[in-house]
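I am attaching a structure below and will ask some questions about it afterwards.
We just call them A, B, C, D and E in the order they show up, numbering each chain from 1.
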Amino acid sequence: MILGRVVGTVVSTRKEPKIAGIKFLLVEKIDPETMEGKGDFLVAMDSVGAGPGEVVFYVAGSSSRMTAVTEGKPADATITAIVDAIEIEGTLVYQKDKI
Amino acid sequence: MILGRVVGTVVSTRKEPKIAGIKFLLVEKIDPETMEGKGDFLVAMDSVGAGPGEVVFYVAGSSSRMTAVTEGKPADATITAIVDAIEIEGTLVYQKDKI
Amino acid sequence: MILGRVVGTVVSTRKEPKIAGIKFLLVEKIDPETMEGKGDFLVAMDSVGAGPGEVVFYVAGSSSRMTAVTEGKPADATITAIVDAIEIEGTLVYQKDKI
Amino acid sequence: MILGRVVGTVVSTRKEPKIAGIKFLLVEKIDPETMEGKGDFLVAMDSVGAGPGEVVFYVAGSSSRMTAVTEGKPADATITAIVDAIEIEGTLVYQKDKI
Amino acid sequence: MILGRVVGTVVSTRKEPKIAGIKFLLVEKIDPETMEGKGDFLVAMDSVGAGPGEVVFYVAGSSSRMTAVTEGKPADATITAIVDAIEIEGTLVYQKDKI
């Protein structure tokens, strides 16, 4: 799975009927060492209710159809987790703000 | 899914029988931050009637066979949505012209 | 699908039994804006009788098994069309020579 | 399969129900000639009990679901081996420390 | 399929049970124009008995499970041919030594 940040949304009215009602999130891949965006974007479906600014990981390929939201649908990238924390070499490089 | 712009068409008379009658669109990947083309092209099948100049997203891999048009066919990229709007960090970076 | 030009052949006598009798074509990916090769090569199976010098597109991934020639075989790239013409922004950038 | 080193972990509480209880390891791809990290990271599931610092290889795509841990789950990268040794051109370039 | 040269081996004792008994070869991708290595390595399973130094091609993705050796196993790259000769634009750029 690949780490990214939800940076926006994509809206479409004319689309494949099977994907009607699904929210399309714009995700920017991030480098976990710096937590900076890599300038590389994709459109992902969402199985976990991710919102703007959240760090997530998504699954690509045929496995992106293996969630309740995307089963049988033409998906190639689905967000399957909102990330709470990332630890590298024993150091916490990212921790989701708690409200 | 990946964002792109329909920039042309590809015509073939000698082709795999299963893909006869399908329109092949030339798609250039775009960077949603600038909406500029990335100089990276692919040939996509089309499940939504996309036309020249339109911003779309396409699905890649086995999921590109999961539309009414492409089921059971040797497809690895199918346009599944014509994009109306893209929003990044609360700013509308793209909006399809209304006629 | 990706555009390429058939630039050569690959010969193998010791190979997986399932792919015996199949012709292996060397394909160089091309940039449709210039029709120049990109220096990026792959070995493709062929479902349409493509020959040296011809511009083609090939399908990658599991869909490369979805032709009469490659069904059930360990293929990850199969040529599914010989390209007659490519049009970009209303301009014909490539047209196959007619003899 | 691709060689990498386990460099950390990713924690998520809000995730696809199917992947609950699975450990997510952060893996950095490595160059086997130098055994240095390539600065390219991914999140992998783990079928072999890999730990921090260990050199592993992972399987990508649909095959990442073909382990006891990941069957039927939305996985696109699963660690399937902890590497003991890598030999290039007759030279041992990596050997796991024995304790 | 992608051309490469077998440059080494990878040894693992702690691995997914399904891949026990399989040999893991280290393959370096090659540029067929120069036959030089590209510095890009992967671990491949082997369905044809390839040995060190041999030029091969491997199949990636789900098709890498479509050989007698790899069926049902978590494989994403399997060598399916030992290459005897590569011809580009009518010139023999590679020919396997005969002993």
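Some points to look at:
One rule holds for everything that comes next: a residue touches a chain if its C-beta (ideal position, glycine included) is under 8 Å from a C-beta of that chain, and two chains touch if they have at least 3 such contacts.
If you're wondering where the values come from, they're calculated on a predicted model, not measured in any experiment.
The fewest steps needed to get from chain D to chain E, moving only between touching chains, is 1. Chains touching both chain C and chain D: E. One rotation lays the C-alpha atoms of chain B on chain C, and its angle is 70 degrees to the nearest 5. In terms of their C-alpha centroids, the spacing between chain A and chain C amounts to 33 Å. As a whole-number value, the distance joining the C-alpha centres of chain C and chain E reads 21 Å. In chain C, the positions touching at least two other chains are 61-62, 64.
If you walk the ring beginning with chain C and heading to chain E next, you pass the chains as C, E, D, A, B.
By the touch rule above, chain E contacts chain C in their complex via residues 1-3, 31-33, 47-49, 57, 59-64, 66-68, 78, 80-90, 93. By the touch criterion given at the top, residues 7-19, 24, 26, 39, 41-44, 52, 61-62, 64-65, 72-77 of chain E touch chain D in their complex.
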